[in-house]
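Pasting the structures in now, so scroll down.
Below, subunit A partners subunit B and then partners subunit C, in two separate complexes.
Coming up: the complex of A and B.
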């Protein structure tokens, strides 16, 4: 590859249109009479819309009032944001007891703490951090959010999650400052040098075991009050449903996609029919089926609450959509990669996890994020079957006595909320894509 | 005169392999759908033997060697590699995979991994080496193919010739008993062919069992113990290089040689 050095100074200046804003406008907005006309018409339309919105939503709007009547008294044709503000807590948290909101906030904070190492430089073993997020964080937050008595299983998983969170955080801190992983760093702490890889592992696992026991003893001493799922709601509920959906849809999708490509006919036919069945039915139907049909299949006396049913339905539905995305991604990987892996002795699962998936996932990112965005938006359908997610909450404002008939403002607020979340997600996916595609090309 | 002659035969004896059979094809047949690619192939390869396979495009050369490491499955006849009969038994496949290395026309390196990672992945997972051992092992082989200074680069930052040498090193890292080469130089620019052939000649000197599909006849003359000519799924002619090139027995071989030499 030849390296072409840019010459220091080009002798001919680039044409005006390429550099100055005036030049750009001339070229793109006023190139012909028609174009000029269109430009002015568009500008005028934008002006009217923005001005209308500004006057209604900001200039004439009412921010502080106790009821819709009061809003009207203050300003006849301005927005009544006071209603939205009064309901803000409910929009975010539903009917979750106000004294316990810290649990939700802590849960969200812990998620960020857990995932932060993924974005930090020099941290090793990010794959494991990602995996633990998917498999252990749900137990930690699940207990925080719902509380009540911990069964033995919950106690074990909760302990595992806490140990893992602590381990991750320490590991990441060490990584950022020294570039080592936690197991590599351990012997230095005791001033030992040149240890065998085996000893390293032993030390590391001893440490884990000891902290596991310690944390287990500690967690037996406390608990949080039970909060029934019926009190969950608002944006919190939306994020719980779509978060679980997102976290499980990708692994589920990968398994289904591999099943569909499997050489074993039974596995292939089962995966294919499962995928096609769910993909040919609208989500709302799946939701209704889940809440009315699941109970019929369950053994007597075994009750699944509606939230769990909904979450299972959302997970299956999205796993099927992602399965097709994954299948598309797998098809972009040339056969030679499988053969290369075969010749260095890698088995099926090793080939898939070290060679094929890492390459395929890179191609799939835009589609995966696109799926996640539509999952987040589709989750609002649960308000139809009686869960009070963010949309349900926004709509119940208009039924609250002081704010009777207040439809427009809550819905606009909801639109802004969704736009912000989805926009950030799609921007981030662009960034991720660009980063991954240039990562090793210096 | 006679002394020179015995000297000559002795040299051939040392270069020719031990008597231990490492690959044995017995009336092997293979079809792709209705298409009969391999027809009653009989072939015996001894340990340490270097075999060059040539023949026109579509004659089944690739298919033949890909059957040896189970990249392709044969339908009739038997193939025994390193004492193991190839069949559907998964354990056997695992074993064969680690004992037989293969180098492809278009390298098939893993583009998302560095050169070093490309070389350590197999030993770590299939040979259960520790990371440090696998890395040390990889550096030895990178040294041998003369690109140890590129260890931390990614495959697409190397030239074709360098990539192919990495691919050879990657296979050698598994410490295989047999190396298969499927047209290792035909995707390369002419000026890079030599560097790859040099590495292969050095490998031949170490006594590795090699089966090479190639049209580089100079190379065949230098290292081959035997040259095999294939056409339409048959092994048409099989001989030591001197006789093969100087007086081929079959018309089809003559025609083929006249086209490529």
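Coming up: the complex of A and C.
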């Protein structure tokens, strides 16, 4: 019987052929005659592609010109980026009045300010911050973007949004420096120790109420000029449509998926038929129905906002697709999890929100983000029904008299824009997966 | 399924289902109450309706919209341009979304009588033609025997081309494209011997080619394409307003009234037709329910027909560069077809 002695051998560095660049190349690129040949062919293909793009897009390109004719006069074979540069404002903001662009920029900046605490490690109550982003931020940005007279509802929501934004920001700042939440920090500010929970709540709500009234008084005298939605366009419009679509599709999808798995027949049948109806029709059909057929059934002279119709159509359509993704995720959860939750006495909603969904959603991230990316790209279809989203704007360049026929450069620019946005989304989803994964690393 | 087929069938259904209800009430009152005119154009098309880099609409058709707005409100800016895809264009007019359509739509009998709309005039006489490379030596469309001809699909151009080829036994090889940019690229790279389309757009394309001088538009015109504004069927007063807004511009050119001299003309002209048109004497405005200076506002703010033609289509700075002389778009007194009934 052999006795195995656990002796520790000294570690040896891997052979040089494995680690040196030349060794790596020899192994991976030139291991056989065929591979060597393939390597050279590929290198040649890369060379001619990159060189062609370089010469056309950069070396021979024209960056400053007043018209396409001038571009041709300067360089016959190069790209004419001057046209894209002249149209940059339109590509990003559409027909939005140029003096009011700050409103869009501010709106986008505020979104980042609002959401920044979500990524800061020491901040508490992130769920509330996330919820207010979905439910209150749209009122703030919606008013900034469209302006005009505020109804009483809009005034209240706008006030709530501003108070909430201020509260969020202060809360996050306190969180980063002290690790406390805003309510916890209040007594320290006044130098009071050992306060009761009730007093704490009262202080907090008094503060909120006082600032609510103050902001409400202030906003009554404040307003911005009305910009009709027909002036919205460009990348801004694409982001508005897909942003609202993304924010509403997931909750909608979860509800529909739960409805489809429900034991109540009416709910189940309704959800199933809703999902199947929308999934079996192309998006463009839904858009056309929403914008051309729907007004026929409305009373005469009553014209619905086309943008709202489009957004509703996009939301419903994507909620149905996400519902199926969510249902797929739910089915990966073993029955034992449901039974375990019942055993410890959790009801349906508690089981779903504390046990099932957190596990299921984690599995669904790649699919959900995949859907969001395709949603973003699908929104370019609205250019067919006469909204000037980023694609509509890019295509208009080739018809503008100074830039007549300039269509390649704008489309390439659009491709780069979309790539950047989608790549960031995709990278972020990988990051989320890594962050949320607790086990099953593979 | 092809997208266009699908869309067309939906829209065809919509047009049939469209109640003429929207037409029964007075469009003028609706427009006045709303405070702006909703004028429909298509996706941008060179010279007729374009967006500039600052997001403003301009072009020959947009100028007609502005003229109607100026006639009603005395302000050409009280107008909203709606861009609607060509599949949905007549539906959007029928369902009351647009008050008026002016978007290089060809006036044909079937459209005028079957789609619930009325054409009110012609602001541009177009016709289908061919573009070829000069070096091919082709000088007539009848020499295109067996040639490959590029055309955008789903347009009347495709249909006309087929007819032309059959009538003349030319056996033309038709290559269709969805996007005219791709069509032109194919032509420039030698993928086809000729491109066909409306002559105005042919001229626009040639301007956009790297070396315009290498290309030639053949003399033949193989179809009639009278382009003009259209309104919903059934509201005659509204149709009159749109019709006479355009006529006022043509008439002004004939009478020599321009945006530059209209003030002077109104104050000092002794000519009775001019004084009638500008509302100094007579009561022409009463018939169409507009203010006395409606025609003055059009000419002052938008210009006469010759001015807008030169500005967007003709040889003005940055315009398409289609010569007007010798074409159907000249005034009748110069041998063209632009003719306004007398304003008296």
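Here, the second predicted complex is superposed on the first by the 407 of 442 C-alpha atoms of A that agree within 3 Å, B and C clash if a C-alpha of one lies under 4 Å from a C-alpha of the other, contacts with A are read in each partner's own complex, and residues count from 1 in each chain.
Assume a residue touches a chain if its C-beta (ideal position, glycine included) is under 8 Å from a C-beta of that chain, and two chains touch if they have at least 3 such contacts.
On a predicted model such as this, the values are computed, not experimentally measured, just so you know.
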item: Partner chain in contact with A:379 - subunit B first, subunit C second, else both or neither; value: neither
item: Contacts of A:371 with subunit B and subunit C, given as first, second, both or neither; value: neither
item: First (subunit B), second (subunit C), both or neither touched by A:168; value: neither
item: Subunit B or subunit C, by number of subunit A residues touched; value: C
item: Subunit B versus subunit C as contact partner of A:350, first or second or both or neither; value: first
item: A:318 touches, of subunit B and subunit C: first, second, both or neither?; value: neither
item: Touch list for subunit A against partner subunit B, complex; value: 197-198, 336-337, 339-347, 350, 354-355, 358-359, 362, 440-442
item: Touching residues (chain side subunit B, partner subunit A) in the complex; value: 69-71, 94, 97-98, 100-102, 104, 106, 108-112, 114, 121-122, 125-127, 130-132, 154, 156-157, 167, 170-171, 173-174
item: Contacting residues of subunit A [partner subunit C, same complex]; value: 67-68, 72, 76, 86-87, 89-90, 94-96, 98, 228, 230-231, 233, 282, 284-285, 288-289, 291-293, 295-296, 300-301, 303, 383-386, 388, 392-393, 395-396, 398-402, 404-407
item: Subunit A-touching residues of subunit C, taken from the complex the two chains share; value: 3, 6-7, 10-11, 14, 17-19, 21-22, 25, 30, 43-47, 50-56, 80, 82-85, 88, 91-92, 95-97, 181, 184, 204-205, 207-210, 312, 318-320
